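Two complexes, one shared chain (chain A), two partners (chain B, chain C).
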Partner chain A sequence: MTAETDTKTPEAAAVPPPGPAHEQKAAPRGRRRLLTRRDRITLALMAGVPTVLHVALVWVTAFASIALAFTTWDGIGFDSIKWVGLDNFRELFTNNPQFWPAVQHNIIWFVVLILVPTPMGLFLAVQLDKRIRFSRVYQTAFFLPVVVSLAVTGFVWQLVYNPDTGLINSLVGANKPGHYIDWIGDPHLNLWAVLIAASWRHTGYMMILYLAGLKGVDPSLREASALDGANEWQTFKSVIFPTLRPTNTVVLVVTIIEALRAFDLVFVFNKGAQGTELLSILITNNIIGESSRIGYGSAIAVVLLVISLAVIIPYLIATFRKERRA
Partner chain B sequence: MSTPTAALDRQRPRPPVRPARVLLHVFLVVTSLAWLAPLLWAMFAALRPYGETSEKGYVSWPDTLSLDNFKNAFQQSDMTHYFVNTLVIAVPAVLLTLLLSSMVAFYVSRFDFRLNVFLLLVFTAGNLLPQQVIITPLYRMYLLVDLPGITASGKLYDSALGLVLIHVAFQSGFCAFVLSNYMRMLPDELTEAALVDGASVWRMYWQIVLPLCKPAMAALATLLSIWIYNDFFWAIVLISTGENMPITSALNNLSGQYFTDPNLVAAGALLTAIPTLIVYFALQRQFVSGLTLGANKG
Partner chain C sequence: MHLHLPGSSAPTPSRRTLLRGIGGAAALGAGIPLLSACGDSGSSADPKTVTLGSNASDAVPKKAFAEIYAAFKKQSGLTVDVNTKDHNTFQEQINSYLQGTPDDVFNWFAGYRMQFFASKKLASPIDDVWDKIGGNFPDAMKKLSKGQDGKYYFVPLYTYPWAIFYRKSVFQQHGYEVPTTWDQLVALCKKMKKDGLVPIAFADKDAWPAMGTFDQINFRLNGYDFHVELMGGKASWTDPKVKAVFDHWAELLPYHQDGFMGRTWQDAAQTMVAKKAGMYLLGSFVAQQFTNKADLDDLDFFAFPEMNPAYGQDTVEAPTDGFMVSKAPKNHSGVVKLLEYLGTPAAEQIYLKADSSVVAASSKADTSSYSALQKKAYEMISGAKSLTQFMDRDSRPDFTSTVMQPGLQKFLQNPKGVDGLLSSIERQKKTIFASA
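Let's look at the complex of A and B:
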């Protein structure tokens, strides 16, 4: 079983092996009768305690966000909560200079992640899957950024981008007054600067997911393709890539969610000041900033929640349906 | 599917050295170095005294390389204190997450109650939500819960307990999903036989199922420790006193207060990263297998 966990593709993990699952359906009635009263209480507690904790802290708060989005509340006492209908949303959509840029940046974040580091990760995975020497060493080099926290990554990249002392400006001679390229401060540059750091990390993550997917590709497919005289690119395009479909789905979902969650890097960089606004940053600034506009912050959270659920729910339904069929 | 071919394939010798191979290695060496460049650059800056770099510029041949910056960063900011803060949060959080999620997984995978799929769906979907979706009400809730005498702040807010709870609640979604898939692979006869022999449900879980899940638990423990150690967001919002912060978010405060020059910031950042790197290098296999076990993690 240990060996299996190594080679398992993400999708395979979601699908139980065919054997026991069938028997399980037939068994429950007989089995349930064997449970004593005490067993039932134990079971109820085993499932109940974690569920209560998870639902109370995650789902109740998510629904509370929805409710609060239609109110104004300064956070002092419950009686200051006032129902305002769609006012928060109206103001958000029409009157907040940061909202639409934030939406746009979240979209750019996703597009960049899916177009640059994802294919790069796939490319590296394909190369490293060729049974080459030192594969582990290369893998580690590409994967290290995933292990280091995003906050630390933010600090490390600041050293690269710093106008005065940073690596880039020092190399291109832009570190003298009057010649500065302000990678972090310039609103036309900073989003791209952060995205390079984000891509740096995402590549390694994608590489590992694709490596796992590639391990699951049936080797006889490759052999058949080689016998047919296909070259490397043809084999990849017509044989390998189509079999990676389950991995691609996971990669797509992971990337969307990463784009929606993006926070740490930007917060460390410039707290989402001009040019790097993100939905997550707007929400956070509404809480830890001076103005405690709870209803308003919740309205932004609802926008984020709706987008997220639009991705999460279809994905999970598909995953779980497959699981039941297996 | 085709086990014989797979076995053969594994034993297949590496292809002979061809120009294409050499080229691939050259490409990989160059790219790997480029990938490590930001970290190496931080290391280089951290090893040099500030006086020298400000005089000669950062891209220059070093006269002195020393660990002074690391020593200073460590001492000036009392980093030990923040590492302990992290430990106080991460250890209970990892253990509790594993305990609670394995119980849910056991329930969902071993007993065929009607709501199982739905329950698992609730857990998994909850884990995929961006944290910011729930933070506003959570923050308010944490301020409302009074815990006089239990936490230093007297509230759930600004306490290690508060962080542990949200980590457990949030991460158990992912772990329950992975562990339930894992437990489903265990043959049904195992627990059925125990049940017929009159073993209690708890015994089935604790003495039969859990020991068999060790590989998955190890993988998850590795992942969780790195994730929880690396957490920045919960700590930034739910902890207000700098003193109470875990190391990753404390670094954010320190870099303004104590760390005056970039070299010291570099040293501080690298020191913060060391524990995760140690965990990763020591348990690389578990980490990677954990990540691909349940790749629906965001």
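Let's look at the complex of A and C:
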């Protein structure tokens, strides 16, 4: 900020300088101006069109949904929007039996992703980084789930979990009356079942991120630690892992985002029924449909937005602080 | 925009000025309502064409409807321009579709769902059509086609009953008899369990099938009027009458197929195809899963048993599909002609020839080509004192989808927590029904 205060404010810059002499002097310099008229039009279009789209599709809609969170609206005609103040939130926090489970599940989702597939991905990346034989094949195999759309992942895992004809129950014979495992329906099981599918995918994602991070590690560091007589684990713990710090930050952010936007897998799996409720699914269920509760759905969206901001703002502050220091 | 001035003292615009200029342009751009994009498509009303928005995206109904429109063209010279959308997408978008530039006529469902759009003025009354076609329909169908203002908004085409389906051969083999009272039903379930059968096939992964069971027990126990009051948000969910419904249901639950929360109705139907399940409470579309003709001929059904002698078996759940007219059809006279045609027995027969899992809504349609199952379904519906649609067609869809579907699933998993569940449903219901 301080660096910019001595440049002229736009208003000041716009005031034509007094005196014709000055103007004559300025004229030849005008040719050296960085931007010709055409440049400006191009620039205005290149920056302006995306800005308009961004403002209209991101900011306007975000503020619209914040505003709608304080209303009830069935989506039919603007005159049916009714201001209800905090009613939607009160209803949500005290009356909605699915809301708190949804918040809880989003948190579990994050904890599991960070505790299980992330170390797995790191482990795989370290192994693959050693240039073992067929490393490309393994890499492709582990990364494949990331390339496939999550909706498709959901369909595939349904074939595994289907209680009557699924792979697991057919193998262990748990599809007979009396001893039955309902992977998709049992509220004590289904969240974990779907988290295995999510982890299956997340591992590959983490592996690629860490692999990229490991490629950036200076080989001389390894040599140095080898010369110092460190074994493999010591090298990893004291030399390699600390250099992965920037990657870890990215991994953390990516995982938080994955946990908050978790949706498609569960939606395909069982539409967020008992045991797998998620905030994103509650929003969808309330907003999409014939006689939608747009105000109420917006209120849930606002809660998700607040949670996201609470996570993202500290991250952005930290990042910008680092950049400024650099 | 001051930047155009020549001889600006700054040789290049400062970064900020530039940004401000762009920001201004952006603000200006944002001011133009984007919504204006969805205007009229430009085609002025063609007197020879009626446009129709269709949710019949499945192959069988799509072809059946196309045949109806072809027959209509032959008779009237009017073309029906069909705009088919995926069935579920159509339902999800119906709201914005009807507010935008909808087709003249569209496929829809009878019941509260139809009345909702009628009361929102998104549909046109069609009393003039009913003056002509009224004689083709029984009173129960007439009642179903009216909005809350007493005007007609709907032309029904076909309907199908919900009942308990079973296989004749299985009943013969074990010497079972069709139960006509609640106690007989429970006793039969017990016997079937002993014989190693799953007494009642069941699936609720899609969250709607359980509503059918609730409806049956509710109107058998408390009658049609209470069903209407409860669905309309007037009766209370904490009423002991509702509690009684769940108590009876809980009595029957141990005889339901295990693992229903992870199963679709198609899979549940397969257990009956395989003769592993004794009964299945579902709509007659269950017949679609019986692809082998011998199996299909073996399929039969009976009405849900009597629970309260005051009501007997007088109510039949029979969801009805048909047509509505959008708020401002471009070709009004064509629309009237089309709906009058769709209300004739001839149109219904064309449809039924292609789709044999449903029956005609009209009482004049020729039933001679019906299968035994269709004949029985037809008799059951035409003999009913009252017809219900289905929980999510007789009540506000936002209530049924966001409160009742998860609520019933919760009950199925924890039948003992009914009291807490019912007061939670009642509290949520009050907010939803108060909102519009």
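Convention: the second predicted complex is superposed on the first by the 278 of 326 C-alpha atoms of A that agree within 3 Å, B and C clash if a C-alpha of one lies under 4 Å from a C-alpha of the other, contacts with A are read in each partner's own complex, and residues count from 1 in each chain.
Keep in mind that, in the parts below, a contact is a pair of C-beta atoms (placed from the backbone, for glycine too) under 8 Å apart; a residue touches a chain by one contact, two chains touch by 3 or more.
From a predicted model like this one, the values you see are computed outputs, not experimental measurements.
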- Which superposed partner A:Asn286 touches (first chain B, second chain C, both, neither): both
- Of the two partners chain B and chain C, more of chain A gets touched by chain B
- After lining up the shared chain so the two structures overlap, which partner does A:Pro119 touch, if you call chain B first and chain C second: first, second, both or neither? neither
- Counting only touches as set out at the top, which of chain B and chain C does A:Asp39 meet: first, second, both, neither? first
- Kindly classify A:Thr61 by the partners it touches after superposition: chain B alone (first), chain C alone (second), both, or neither? first
- Message: Going by the contact rule set out at the top, does A:Ile257 touch chain B (first), chain C (second), both, or neither?
- Response: first
- Task: Would you check which partner chain A:Pro314 touches, where first means chain B only, second means chain C only, and both and neither mean what they say?
- Result: neither
- Query: Which partner does A:Asn162 reach: the first (chain B), the second (chain C), both, or neither?
  - Reply: both
- Task: Tell me which partner A:Asp182 touches in the superposition: chain B (first), chain C (second), both or neither.
- Result: second
- Message: Per the contact definition in the header, classify A:Gly75: touching chain B only (first), chain C only (second), both, or neither.
- Response: both
- Item | Residues of chain A contacting chain B in one complex and chain C in the other | 4, 8-10, 13-14, 16-17, 23, 27, 32, 34-35, 43, 47, 51, 55-56, 60, 75, 162, 165, 175, 286, 288
- Residues of chain B touching chain A in the complex: 1-2, 5-6, 8-9, 12, 14-15, 21, 24-25, 27-28, 31-33, 35-39, 41-42, 45, 53-54, 57-59, 100-101, 103-104, 106-108, 111-113, 117, 119-126, 128-141, 143, 165-166, 168-170, 172-173, 176, 178, 181-182, 184-188, 192, 195-196, 200-202, 205, 212, 215-216, 219, 226, 229-233, 236-237, 248-249, 251-252, 255, 262, 265-266, 268-270, 272-273, 276-277, 280, 284-285, 287-289, 291-298
- Note on the structure: chain C residues touching chain A in their complex are 2-3, 5-14, 16-18, 20-23, 25-27, 29-30, 34, 91-92, 94-96, 99, 113, 116, 120, 122, 198, 204-207, 257-263, 267, 270-271, 396-398, 401-402, 406-407, 409-410, 413, 424, 427-428, 431-432, 435-436
- Query: For chain A, which residues are in contact with chain B within the complex?
  - Reply: 1-2, 4-6, 8-10, 13-14, 16-17, 19-21, 23-25, 27-28, 31-32, 34-36, 38-39, 42-43, 46-47, 49-51, 53-62, 64-65, 68, 75, 124, 127-128, 130-134, 137-138, 140-145, 147-152, 155-160, 162, 165-167, 170-171, 175, 197, 200, 203-205, 208-209, 212, 218-220, 223, 247, 250, 253-254, 257-258, 260-261, 263-264, 267-268, 279-280, 283-284, 286-288, 294, 297-298, 301, 304-305, 308-309, 312-313, 315-316, 319-320, 324
- Query: chain C touches which residues of chain A in the complex?
  - Reply: 4, 7-10, 13-17, 22-23, 26-27, 29-30, 32-35, 40, 43-44, 47-48, 51-52, 55-56, 60, 72, 74-77, 80, 82, 87, 91, 95-98, 161-165, 175, 177-178, 180-187, 190, 270-271, 273-274, 285-286, 288-293, 295
